[in-house]
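In what comes next, chain A is part of two complexes: it sits with chain B in the first one and with chain C in the second one.
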Partner chain A sequence: MMPTVAGAVPAKRNAWRPRVRRSVVTGVATIVALLVAWWLSTSVLGLVGPARFPSPEAFVAALQRIWTQGYAGGTLIEHVVQSVRLVFVGFLTAVAVGVPLGFLMGYDRRIEAFVNPVFLVLRPIPPLAWIPLAIVWFSLGDASKVFVIFVSAFVPSVINTYTGVRNVRKHLIEAALVHGASRGRVIREVYLPDASPMIFTGLRLSLQASWTTLVAAELVGAFLGLGRALQTAYRDVNTPMILVAMVAIAISGALTTILLARLEKRVIRWRAEA
Partner chain B sequence: MSEIVIDKVSKIFGDGGAKPFVAIDGVDLRVEDREFISVVGPSGCGKTTLMRMVAGLETVSRGEIRVAGKPVTGPGPDRAVVFQQFALFPWKTVRENIVFGMRSRGASREERDEAVTYYLRLMKMEGTADKYPHQLSGGMQQRVAIARSYATDPGVLLMDEPFGALDAQTRTIMQEELVRVSKGNPRTVMFITHSVEEAVYLADRVVVMGRNPGHIREVIDVASTRQAERWSEEPIDDVMEKPSFTHLRGQVWRLLREQMGADV
Partner chain C sequence: MTRAVPLWLYSLSSLVLFFGVWQGVTVLGLVSPFVLPSPVTVAERAIAMMQRPFAGALLWEHAFSSFLRFLGGFGLAAAIGVPLGLMMGRFRLLDEMVTPVFEAYRYVAPLAWVPFAALWFGTGVGGAIMVIFTGAFAPCLINAYRGARLVDKHLIEAAQTHGASEFRIATEVLLPGALPSIVAGLRVSAGLGWQSLIGAELIVVSSGIGYVMIQGQSNLSPQTVITAMLVIGLIGLLIDVGLRGVETAVRRKWEGQ
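Let's look at the complex of A and B:
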């Protein structure tokens, strides 16, 4: 049994544990407080009209409806699966092309000189500005969404990988060379690990961009997906359903981001925990 | 046989450009196989530049450098470098760092494990094999860097102020350790330092450089005194109080002072 009095030594050893628990408790408390405030201001006190912002009861009813009967051409699960699928396909294609390209640009000045002008022209175009062209080229199906996601996710992957590789520490490259490392080993064992924090920053930004673009593209026109549900709810002036779709987008986005953060933690184990 | 021959070497930065800068001018030096030389000189006299040229990390503007008879054209594992800022790979464990150069020459798994055990024991660092560099003190990191270079089994070891970042106490321990390691495994060593004591204590010969432009002022023999006075049988503090030591130290100091005064 641990004494509850000022036992400095055992308290110090576990110092981080109570702190983690406390931050979780604070987080949960905040959410609960917000939910209560929401409930009070809509259902109980009626401070906000139901057309502006739905009550918790209306929200749950909308959730039930889209979950069981479906809404805007599919159930909630179907919308989520469709959106997540498109984000993954677009994001992964962008990363699969963008990271190697950024790497080559950072590694070889000649490739950089060759590719940079193209970037200077394409970069100022906001990704969403590609949506009309994408629809003209690929109509309203999956291909047009994947295309705009690709365009928006591509740039952060390339730029950050490029920056990461350009800033690989020179003395570490030299340390590898004077200990006999081949070019392949220098790339695998120095360039990649030293650039990996920046590469992951790029991936995170790419993922965020993917979600933004996907929702925008689905708003403009889609047969299925969370953006389509949001758009339909807007046209029906169904505020509870708008909220359900927004929450679903937030949760899906957060889950994919967490997945990426997990991967990053696995790859960059060696880093000093700050 | 891994002797270093520096043959009328000059280094001009920005050669052919608008503002060429002569960093090294006509340096001639021969370091014998398994000889340990220290290089001292005022800041900016080109010690690092000279060493980097031997390592193949910097090109030679005039003259030629040969190691084991072959002209240096680029970096290679026959000339391992210990850098002042350690330059350990942060994403590799102590074990992986030590065997980095061994893997270049295709050392077997058993050979690598053996080397890790050997060096960690030699450096009094047992039990740290699976730690990452950021979990070690500066002195420990530099020991790992030295082990990495030794384990690569180079003919030539180049060290650029390897103890410069360490506190005085750790530094003394490291100096003794270096003597011990090099005794068990003698190499041709070029050791750059700002410490005259360190230079005299470690080296067979001390090379004193001057600047504007970088050149060799004098080469002082230490090996004969060390042997006659049996320095290597005594702890470092005792050696540094011997008259034979203080005499050599004074000699190097005066030369150095002269160089520093040259443009003050």
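Let's look at the complex of A and C:
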């Protein structure tokens, strides 16, 4: 995919540049228009009541409150840190187990035959359906969140790594073997680089699933975290605070995704140089 | 490489091991039945729940009411997401307007909409449908958009020269051209929508198969929870198999042309 994109840019540069500018202008204009419509319909005209959707002023006030005084057992930073920490712990554990397992399943048909049936039984169960069982097993603390995040992030890691390894180009493996490469070298220098785009796709899906599950788990019951803030705001019918929590969830999710994309770029570039 | 042991034996041994260990640790009392009930206990519980009402209804009635809600939210997501995605693929201005808003929306985890869904549409059917919608909407739109972008521009131009209206271009050129991509998107969004509904039923909606799990959890009856999990998995699987059938049929027809 990289070469076509890189190759297309210089040829189309003249046509390409103004279009980017135009799309930025249109995008910014749309967002500004929406913000103005929000302000008009809530604060100025009062078309939408504060119990349905907050005004921008109320949103800013709620943001100030949770930032300085805190809300639902912590300040905004404390909630964010708690949620991000749980996502990372659950996600990294799932990746640390899922990627090697997926690799082995793609590498050796016997391992695939052994793991697949159990996988087929457990896979259709949506990760969120594990939340009640997690609460029975680990109560409402951190452990139950890490467990459900693990369950949700595990499946995409395994499946995509497996698919990536299965689709490693056979002639590359054969060429390496013909030239007398050891098994370790074939894995390091053929399998891993060739499968890495698929593995990263799996990691991205895993990270997304981690956030979805964490928010759900914290909404069902938690002591701290963004989902907990959201749930408390809902109980209090505090619509400004609901919106603050939603925006915080979106930004935290976006930042972790960007972090992963950076990592992917670095790894793939390293691969291209090697 | 010669294989002394056939592959299916590995598969069989894995299932035997899985259920054997599960049954073993519970029978030997290594795990409390309030933590992990044996497979036999779960099966008995499932049969009991099919015969006697639990949380106000029989097991299949809970499952069926959840499924109907799912159809409502999923249908709505497809009915809005697919046409919008097609139009975004056709008209650049619309694409440029919607994309930034859509990108921002995508980062909000679907379940984070639960509070607003409950406040706007109540904790009954309306709120649940909105949560399914927010979960299922994105893949519908993205895949319709991608599909529309892949449609051969010459076909659109040919239709225009022959005086086709925008509506006819959409329904007779864009939609059939993008159909394989759309159906693939529907499969992804069905999975996400089904999962979002379960989440909504865990959090605010007090009926349906997700609610059965919450009841089982507060009654300290893990066998009820596991029964519901299996039913949820089974319905999810059936939805996916159904849509996969549609996908295969579409692809066959599309490639056969």
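The rule we apply is simple: the second predicted complex is superposed on the first by the 239 of 274 C-alpha atoms of A that agree within 3 Å, B and C clash if a C-alpha of one lies under 4 Å from a C-alpha of the other, contacts with A are read in each partner's own complex, and residues count from 1 in each chain.
Here is the rule we go by: a contact is a pair of C-beta atoms (placed from the backbone, for glycine too) under 8 Å apart; a residue touches a chain by one contact, two chains touch by 3 or more.
Just so you know, these numbers come straight off a predicted model, no measurement behind them.
The superposition on chain A brings chain B alongside chain C with room for both. Between chain B and chain C, C touches the greater number of residues of chain A. When the two complexes are overlaid on their common chain A, residue A:I77 makes contact with neither chain B nor chain C.
Of the two partner chains placed by the overlay, only chain B lies in contact with A:V190; chain C stays clear of it. Judged by the touch definition given at the top, the superposed model places A:A37 against neither chain B nor chain C.
Of the two partner chains placed around the shared chain by superposition, chain C is the only one that A:W211 touches, whereas chain B remains out of contact.
With both structures placed on the common chain, the touch criterion links A:A143 to neither chain B nor chain C. Touch criterion not met for A:I258: it reaches neither chain B nor chain C. Using the contact criterion defined above for the overlaid structures, shared-chain residue A:L177 touches chain B, although it does not reach chain C. No C-alpha atom of chain B lies closer than 11 Å to one of chain C in the superposed arrangement. Residues of chain A that lie in the contact sets of both chain B and chain C are absent, per the superposition on chain A. Contact residues of chain A toward chain C in the complex are 22-23, 26-28, 30-31, 34, 51-53, 109-110, 113-118, 121-122, 124-133, 135-137, 211-212, 214-216, 219-220, 227, 230-231, 233-234, 237, 239, 242, 245-246, 249-251, 253-254, 257. On the side of chain B, the complex with chain A involves touching residues 55-57, 74-77, 79-81, 83, 85, 87-92, 100-101, 103-105, 132, 134, 148-149, 152, 158.
Looking at the complex, you find that chain C touches chain A at residues 3, 5, 7-8, 10-15, 18, 34-35, 93, 96-101, 104, 107-116, 118-120, 191, 194-196, 198-199, 202-204, 210, 213-214, 216-217, 220, 222, 225-226, 228-230, 232-234, 236-237, 240.
By the touch criterion stated above, chain A contacts chain B in their complex at residues 171-172, 174-182, 185, 189-190, 193-194, 268, 270-272.
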